[in-house]
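Two complexes come next, and they have one chain in common, chain A, joined by chain B in the first and chain C in the second.
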Partner chain A sequence: MSNDAGLDEGAQVFAEEARELLEASEITLLKLEDAPTDVELIDELFRNVHTIKGSAGLFGYTKVVAFTHVAESVLDRVRDGEVPLDNMLISTLLGTRDQMEVLVEHAINQKELAPEDVSEGQRLVALLDQYLEIPGGDQLIETEKEVNDPENGLVVDGPLAGNKNWHISLRFEKGVLRDGMDPQSFFRYLSSLGDVVDIHTLEDELPAFAEMDCLDCYLGFEIALQSEASKSEIEDVFEFVQDECSIHILPPKAALSEYMALIDQLPESNLMLGEILVKSGALTEKELEQALLLQDAVRQASNSADLTSVAPIGEVIVEQGMVDKSTVEVALEKQTSDRQATQSTFQSIRVDAEKLSSLINVVGELAISSAHAELKSRSSGDDSLVEAIEVMSRLVDEVRDSTMSLRMVQIGDTFNRYKRVVRDLGNKTGKDVDLVISGGETELDKVVVEKLGDPLMHLIRNAADHGVESPEERTVAGKTGKACIMLSAYHDSGSIIIEIEDNGRGLNKEKILEKAIEKNLISSEKGLPDNEIYRLIFAPGFSTADAVTDISGRGVGMDVVKRNIDSLRGQIDVLSQPGAGTKFVIRLPLTLAIIDGFQVLVGDSSYVIPLDMVDECIELDNESANRKDGGDYVDLRGSVLPYIRLGQQFHERDRRTEPGHRDNIVVVKYAGKKAGLVVDDLLGEHQTVIKPLGPVFENLAGFSGATILGSGEVAMIIDVASLVGDVARLDKGRVNKAANNVH
Partner chain B sequence: MKIKKLKGSNKPKGICKLALEGDMTIYTAESIHADFKPILQDYSRFEISLAGVEDIDTTGVQMLLALSNHAEAEGHTLKMDKPSESVQEIANLFNISKRLNLASV
Partner chain C sequence: MNAIVDSEIESNNEAALQYLTFDLSGEVYGIGILNIREIIEYGDLTQVPMMPEFISGVINLRGSVVPVVNLAIRFQVSPQRRSKKTSVVIIEVVEDGSPIEIGIIVDEVREVMDLKAEQIAEPPTFGAAIRADFIKGMGKIDGQFMILLDVNNVLSVDELSVIQLERKAINPDTVKALDPDKDDQKMSELLAQQGPDSSDSLDAPQA
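Moving on, here comes the complex of A and B:
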């Protein structure tokens, strides 16, 4: 049996949905803090919570359901305007949201709750309960009102059944168990809505033991439910199974005609169903008789009608006014609520990340071969072919761009998460901090965004905890009481820049130096420029916080931040102004998959340099190449440009002795540093799909990957960042010397 | 899932005492079904102890219902007793305790 996979998948979907909804709820709550009366936001919040409860119920996560139910009840009252949404309540609801997250995670992983989680839950329920006790409309009276409320379409014509319970008929399709759903979970959930007065299990479809397929579902159920829930709430219980189950729900005191229609629609014999309905208390014997009489009357009516146009029984019932308008309106209401649900939850399609990467891979190769075809067509001299290929490659480019954009996500969602962090930290530390976000619409690779979450979180916590001062300190320093953390993202020449800037006290240079010396990171403070001093905070085990708070200051972190950024081929820098604030600048590559490459020839092999790092190309003249001091640098318009010979670096054939040969320097720039790479030939721009190097070559210095050229040849992609670093380090001494020579 | 034949089970067409141990869920249903088929042919009177049933879902319930139907149709007697907690729970949920003649403990 492979059903465990099916079940896991269901739980997986629940997990993803719940996490998304919880995230959305947090954002909504934070918005509500500024606009506590926004009805749409309140509705949205209610819907999110309601959906989580609903799906959790389906999977039998009773703890989630029980807890969420309290929150939902409170929100329901907020929605009805009975409870005002003040800051206290928002804080409680934020806590509630966190607790839901804890419960959901524990439920998914089937773990027991830690005692502190349990007590936190109890604390929150106690807080929430207070809001339920605030006098408002009595629940019971309200339901009563609803039943007789003409606007709810529940006023019915014709004789009514005296039954005060909901009646639910379920006939499951055979495949429902195989699909990982079990009726019992629906019943358990149903019992959270009210009191299941009676269940009658129908086993008429059950074959003899030897013939049964024990994975098919053969059972049907007639259920009497005493509940104050609305019809749509009851319907929601069966939302997941509605395609695989015929469901009939009759409200309390439904018209006899509805029962009659129900009896008609169900597969079992009318008499038997009648008996079940009587047994379950849905109908009295008398009511049943009446209903059956009505049915006969309808039959006769249709028999006596023109034989050529025997109307289907349903129509006759409608004509005779026997199906009351509640049925129609309930159906309409259900449609609307379904539509709303669809709008709010399914705005995107989930795609396996694997599938996406393979698509991107193929499209990348398509772009390469299209470039190759274009080249060939040009050299063929066939104009119509050239034209056709040009059209094609334009389309291929479009396909490539839109495929690439599939991987791109806006960073705004990630940014928004930090609002809550800053808010909570502010409350905890008694600081008044604002998080200002800009450039949230900046898109970058999903992988990058995901890996960026933790480092950013750390930087923001640091900024809120250590960076900014308390309102009193700020007033003394002559600043506004409200501190501000700016989080911004923008594009800059093929990179994404993310900045975290606070207007707090700035980094304490003396303290950093003191600590660095104490930890043996440096021997003396002599000659270190400010930015190098600040960079010391990225060293492992470094922390200057006087007191270790539970927020930060344990000395782990900044080095991890740096490592994370490094692993994304990014760079992090820190700028600080004592008394004015600190700014972290993170520079990241736009995507990890395709780059515009500059193809060069070294020896007999092709290499690719990322084009956005190429600044210019110059010729290496003989004089600079054979410098008397042996230094590998040239004078680039008055400044020193160190270079390395890629031929030597990669041990390629030395072509310098060939007649007519000349060396070219590709000037590359990375993070403000320039360096020259000496190559034998410049081959031009070339679109490049980065193929990661296999595990064997993963740690090969100097290469960031490989690519396949149009000709089928493999070319290595040069890791400019690491080479520039190398050049800068190797040549530091020589460059200093050279600087003196140049000037 | 194990179906344990208890002492006092004598072939053929005699009394068969069984004890079900383990899970009666969608994961084990097929093997239980296969194990039961020959047993049903060999014996005519059954006493099944459900004390060892750990987890049971709708497939398990269906199986119990079908077993009871089978016995009834063949004129056999079938006694299910000592339902474990999980059996009692689902039997109450489906309201079939009486139907299955579950002698409660």
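Moving on, here comes the complex of A and C:
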């Protein structure tokens, strides 16, 4: 979002809305591919495109409007059943969507389009135009067209005005400027529909200067527009302000009586309005005279005849204008319902991320001080105080939980983006690939989701490009022709796991080894277990693809993926079965700002272990602590539990010699494995606000952050997965070294 | 980084020539006050394992976790003595365009001095007690030279964030998470018994 800086607020709202709608359109298009006749989906797509066009017009982004208009017209025909929605058209529409995205981004950043973008736009318009040329024949549309057609619409008795311009009367309500609508933007949009021949500004409403509120809009406008557009198209221009202004639109060559009705309806004096109409060229002097005569005649008639038998002029006019009015009403109703539908899908409030993180910070402090207050109240021995504080801290916990959930988003939206990627890649490479998504409702911190986008994209492209085989190859291998990539997310003991699994050919072990030796990553293949070999693909500059395609294979992939995952304090692993497929497992810590922690004492320092990771606590008995073989492990109900002495690991003061000292083991579990952490004392649960450690500690592994204890001291938060991983690697190095020394 | 500081000097000549002076292991140093956020009492320091020795630990600065650097170890000069006057000066440096706060432990804060441009000499190319790139200039007051520090080099995040791969020897003298009152009490007892020179050293000297 940083590129939005400097945009005014309105444009920013447009940018966000347009991006959201474009994203939604993509998903809808992909759904339509499976259900091309789903009327609701088609309607939704049409609405999205229509809204983008409308709001782009408001901001004067003419390129977006012009291009989107073509897409909208095609979609309109699809909606009316004139054009079948086949795969060809969906592909074209997906391309159109992309092009809209390009246009929108360029428009809001006020950049010129690159030549290739321009030619892509022309190509798409040409493709879309073909669909507009297919003759359609829906009866309903025909009649609607007739009504909208100014030439033979409104069949009204009586004299017609001679001019060929639309006449639009606009009276804005005072609040229109406050709501961010600038009347000028409507004129700008209007001028994209045709020539604005004349604008007359009415300033009668302007109060005396001293009473004027500069934030209010007091103006009215009489506009003459020369355009081929239909009435509904002109109404669309004002769609966003129709609640805040009164609009009267008269088609070219409208009945004089309509002009009279208009004059009657408007608040200004009839004579003045008449003059304006003449001035703007809507009516000639003669026509005005005629109109006034007509009005007089009607009045006389109503005067002379029985008052009840003759309808007042307004009604007569309404009767005369009936045909058009009802269409307008139907159209208005439809627009309102459209808008309600769009709004219900995005019932959310936009909040500045900055505000959110400061709220989370304060709630964190609140949680700490509430824990502190609870502690103090207990030691005070005042029962009523304890009770009161307990009620309060329960509420604080609730506040904390709901605040944290504000930042959580479902990963499903991100996952859905890849459907398109897989679809396009499949088409390009001639493979039949299905992307199966599960666990899309798993919630992650928004920051994590955003940073996860690129690495996941890379893995999925790789899977689609290299991982799965062509249908022919698959048939030879005795597999189904359709390949499958599974993308899933789930929670596992305080971590989030994301898996990308394909049922393709699997990693080629020999090729990886060959390449690794060639690139001097390893000296020989001797003694490397399979999973270590597979892990070599994460080394920088490593690629086994024979051909560099424009999709992947440049060898800058997997190491970047690994770095990205590392930066989220996560881990990535790869499993593979020759001929059966490859599976990447990404494990991410729950980088919530607040977690439940388990506080322990090591030496003189407090450390915090995420409570989700803690399984149980046991005592380290003397025998296990001093094994003859020197091994660091205990017997945990029959299974071997390796442990790490945190005191040694963190170079804390050794307290083992102190009288009465007992070592405790905190049994932690991660990735389905268990390990023990030896600590000097167990201090119990602690509400932990994770404070980032900052760039000075960026290379420090084993800690996911720091927290501030009730006493104001800082305690480090242990990142169990990276700590145990680190120790395991160091140990392995040590054992290998020792083994080498023996030889 | 230096460019930023230089431009600040140009645009804000008066302030840039004001320096906070402090004692460190018997030597007087100066830091441009534009870099200084605040000065706080020394105490409640939490050690961070596996960091270079000159990172003494982290402190809680109104809810943020701020690293604290032991300049004596960073400069490889004789170790500091801890006293009531030991303070932490919070300094702001710019890393990747965003400001970060880092504390330094000083023996005693002296005063803010105004230095005229002609009172500041070029740093010596060699012969200084500390690394040449740590020195921004030499201030001359009453015929005495004072080292003006280049904080962006002294507190270079690239150097501070280097992980200590070799395990540090566990030094029982390393004191962390101090309780200032208790320490002061202990200190005054020690001072009474043995005189000022034998108070325990704040951090282990560089091995």
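Points to keep in mind about this one:
To be clear about the criterion, the second predicted complex is superposed on the first by the 449 of 743 C-alpha atoms of A that agree within 3 Å, B and C clash if a C-alpha of one lies under 4 Å from a C-alpha of the other, contacts with A are read in each partner's own complex, and residues count from 1 in each chain.
We take it that a contact is a pair of C-beta atoms (placed from the backbone, for glycine too) under 8 Å apart; a residue touches a chain by one contact, two chains touch by 3 or more.
Being a predicted model, the structure only gives us computed values, none of them experimental.
In the superposed pair of complexes, A:217 makes contact with chain B only, with no contact to chain C. Looking at the shared chain after the overlay, A:201 reaches chain B, while chain C stays out of its contact range.
Using the contact criterion defined above for the overlaid structures, shared-chain residue A:697 touches chain C, although it does not reach chain B.
After overlaying the two complexes on the shared chain, residue contacts for A:715 are found with chain C alone; chain B is out of touch. In the superposed model, A:685 lies in contact with neither chain B nor chain C. In the superposed model, A:187 makes contact with chain B only, not with chain C.
With both structures placed on the common chain, the touch criterion links A:650 to chain C but leaves chain B unconnected. By the touch criterion stated above, A:361 is placed in contact with chain C alone, chain B being left untouched.
By the touch criterion defined above, A:616 reaches neither chain B nor chain C. Common to the chain B and chain C interfaces on chain A is no residue. Note for the complex: chain C touches chain A at residues 44, 46-51, 55, 57-60, 63-67, 95-96, 100, 102, 157, 160-163, 167-168, 170, 172, 176-177. Those residues of chain A that touch chain B in the shared complex are 1, 3-4, 177-178, 182-184, 187-188, 198-201, 203, 206-210, 212, 214-215, 217-219, 221.
Contacts from chain B toward chain A in the complex involve residues 26-27, 29-30, 32-33, 36-37, 40, 57-59, 61-63, 65-67, 69-70, 73, 90, 93-96, 99. Interface residues of chain A, counted against chain C in their complex, comprise 361, 365, 604-605, 649-654, 691-703, 705-706, 708, 712-716.
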